[in-house]
C-alpha cells in the first residue's frame, strides 16, 4: 500500500468497566482517503472511532490499552492534551447536534474557542466552511437565524461545516446519515467524496452500500474484533474471511 | 502542555470547593445546635428534659420539661396527617387517573401554585377566619386550638403531598395498567389493586415528607395553636408545639441563659426528628425506584 | 352491578378530595382578597406607617422584603449554580457526590425556624452582623440554596449530552464548553428555578424572626446592617403585638393580600415559564 498513513491504531483493547468492547484492533487510516467501518450494531465500531479524538474519556470507568497514533504522535501520551488532539481530529455525530445558537455562531464557535478574534477572518472562514459543506446557498441570507430551524439534513451539513472551520486534519463521521432521509444522505455522501481531497476521513456506517459508495478502505467489525481490513473493492468482491462474506451478503446483521 | 491548562484545573477546584457548601452549612447547623444546647444538659438531665411534664422556663426556679411541647407537635402533626393524606393522595389519584389531559394541565400548576402560599398567610387565615368559626361550632373559650392548627397545617401540606404522590403515580409503567385491564379488571380495581400498591412506597414518601413539613412548620402553629404549654388531652385545647415555643420565646430569652440554651436544645431535637423523617423518605423512595426499575 | 357501583363511589370520593383541596386553598385566597382589597390603595403601597402602626402605608415593609429577598438570592444563586455545575459536569460518580447529594436533600428538609436559630447564633452573634438585612439575607440564602441547586441541576441535565460532545470535539476545553454552551442553554431553566425560589424566600417568616425583622423601624432601611420590616413578619407582628389590635388587623389584611399577590404572581410566572419551556424542548 503506497499511501501515507495519517492515523494508526496499534493493538487496541478497550474496556467499559470489565466488559471488553474492543479486542486487539490494528488499523491504519490513510491520508486523503475514506476509511469505512462496518459491522452489526454493538460490534464496537462507534466505540473505536471515538478513540481517535479521545471522546471516550467522557465516559466513566473506561480503560484503553494499546496505542493510537496521529502522524506518529501517541495521542494518549500524558504529555498530550485531549483538547489539542480534538482540534486536529474533528467529529460529525450520529444525530445532527447544532448548538442552540445562530447559524453563524455555530460555525464561528470553533474559531473563538481556539482564540481567534479577528472579525473579518472569522466571517471569511464561516463563509468558506459553509461553502465547502455545500450549504452556503441555503443559509447565506439567514446566518443569524437559529440553527435549530434548519432541516435535519441541513443541520448535519452545518455540523460538518462547523467541523471544517477548525483547522482539522482528520474528520470522523459516526453514522452521519443514520437519522437522515435518502436525499440528504446522498448530499452528505457527495460531500464526503469532495472533502477527501483535503482531509483524511473515517466513517462508521451500518449501511454497507454507503461504505461501498464512499470509502477507499473498509474494516469489518464483529463482537469487538476487526475481522478484516482492506481496500473496499477487495472486501466487497473477494472477502477473505467467511464471516465478512456472510455479513456483506446479508446473512446476518 | 499541562501548565497551559492551569485555568481548567483551577476552575474544577473552585467548583469542587463550592459544591461542598451544602454539606458545610448542614454541618454548621448541627454544630451550632449542639454547641448552644449543651449547657442546658449540664443543668437538666437529658431524660428529665425530654420527659419532664412542665415547661416553666421563666419561673424561679425554672422548669425545663419539654414533653408538653413534643406531644403538642405530635398531636398537631398527626391531626394534619388526617387532613392532608386523604386530600393530598386523593387529589393525586384524581389527577393521575380521572382528570383528562386538559384538566390535568390546568389543575397541576394550580396545585403547585397553592403550595407556594406563605405559611404566615395560612396562619393569618387561621386566626381571623377559622378561629371564630371553631369557637362558635364547639362552644370553646378560645378557637386557637390543636384542632385549628391541625386543619391549617393539613391544608397547607396537601399540595406538597399531592405533587409528590402524583409524581410517584406517574412512574408506574402503563404496562401494569394495560395488563390489569387485559384480565378484565375495572378501572377502580386496577387502581386499588395494581396502581396504588405499585406506587405505594412513592406515596409513603409523599406522606412522610408532608409530615416532615408539618412538624417543622412554625408560623402557622405559632399563630393558631394557642400557645399553652401543657400536656394536651383533647384536640380542642390550646397547645404549644416545639417550633412555636422556639419562635415565641427566643425573642425574650436572655442570651446565654438557660432558657436560651433550652430553646436550642428543642431545635436540636426538632432537627433530629426531621432528619430521621427525611432519611426514611429517602430510603423508601430509593427502594421504590429500584422496584420499578428506575435508576437510583 | 356491584362492581360499577363501587367504582363510581370511589371515583366520586377522589373527585371530592380534589374539589376540597382546591376549595380549601381557594377560600384562603378568596377571604384574604375580599377583605384585604378594601384596605389597598395607592397610598397604602407608597406611604410609611405612622400613628403607632394604625395609619399610613406599608412601603418600607415592601422595600424591606425586596432587600432581604434580593440579598438571599445574590448569595444563594452563584453558590447554587456552582454546586449544580460540579454535580452535573465535573463530578465523577463517587462517594463524595453522594455525600453532597444527601446533604442537599437534608438541608432542604431542615425546619425553617432552625435556620433562624442558626442565623441568630452565627450571623447575628458570632459574626456580629446584628439583627440586620445582611444576617437575614444570609440565613434565607442558605434556606434557598437546596432549591436553587436542584432546579439548576434539572436545567443542566436537560442540556443534551450531544452538544457537549460537539463542543469538545471542536477543541473547546471543559470550562469553555460549560461557559459557552452548557450554561447559556440551561439558563432559561435555571432562571425559572430562581424565580420559584424568590417566591418561596419572600414569604418565609421564621428564619428572619431573630435575624432581620423588626416590628417598626423609622422610614426605610439605610444599610445592610439595618433592621428591617418585612411583609411576612409584619403580618405576624400586627396580629400579636402593638396596642391597637382592631386597627392593626385591617392593615394585616392588606399586608397578607400584598404578600399573597406577590408570591402567587412570582410563582405563577415561573410555573408558566417552565410549562412553556417544556413544550418547547420536550
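In order of appearance the chains are A, B and C, and numbering begins at 1 in each one.
The rule is short, and it goes like this: a contact is a pair of C-beta atoms (placed from the backbone, for glycine too) under 8 Å apart; a residue touches a chain by one contact, two chains touch by 3 or more.
Note that this is a predicted model, so its numbers are computed, not measured.
J.: Taking each chain's centre as the mean of its CA atoms, which one is farthest from the centre of chain A?
T.: For chain A, the chain whose C-alpha mean is farthest off is B.
J.: Which chain, with its centre taken as the mean C-alpha position, is closest to the global C-alpha centre?
T.: C
J.: Distance between chain A and chain C based on Cα centroids, please, to the nearest Å.
T.: 48
J.: Determine the centre-to-centre distance between chain A and chain B, using the mean Cα coordinates as centres, and give it in whole Å.
T.: Result: the chain centres lie 54 Å from each other.
J.: From the mean C-alpha coordinate of chain B to that of chain C, what's the distance rounded to whole Å?
T.: Spacing between the chain centres: roughly 17 Å.
J.: Would you mind listing the residues of chain A that make contact with two or more other chains?
T.: 83-84
J.: For chain C, what residues touch not just one other chain but two or more?
T.: 173
J.: Can you list the residues of chain B that touch 2 or more other chains?
T.: Only 5 qualify.
J.: For chain A, which residues are in contact with chain C within the complex?
T.: That would be residues 53, 55, 58, 60, 83-84, 86-87, 90-91, 93, 95, 97-101, 109-110, 112-114, 159, 162-163, 166 of chain A.
J.: Given the complex with chain B, which residues does chain C contribute to the contact?
T.: Answer in residue numbers: 3-4, 6-7, 10-11, 13-18, 20-22, 24-25, 28-29, 31-32, 35, 79, 82-83, 85-87, 89-91, 99-100, 102-107, 109-118, 120-122, 125, 142, 145-146, 149, 173-175, 196, 199-200, 202-206, 209-210, 232-233, 235-236, 239-240, 249, 252-253, 256, 259-260, 263-264, 267-268, 271-272, 275.
J.: Show me the residue ranges of chain C that touch chain A in the complex, using the header's touch definition.
T.: Its residues touching chain A are 92-93, 160, 162-173, 176, 180-181, 184-185.
J.: Which residues of chain B touch chain C once you look at their complex with the stated criterion?
T.: Against chain C, the touching part of chain B is residues 5, 7-8, 11-12, 14-16, 18-23, 25-26, 28-29, 32-33, 36, 86-91, 93-95, 97-99, 107, 109-114, 116-125, 127-129, 155, 158-159, 162, 186-189, 191-192, 209, 212, 215-219, 222-223, 243, 246-247, 250-251, 255, 263-264, 267, 270-271, 274-275, 277-279, 282.
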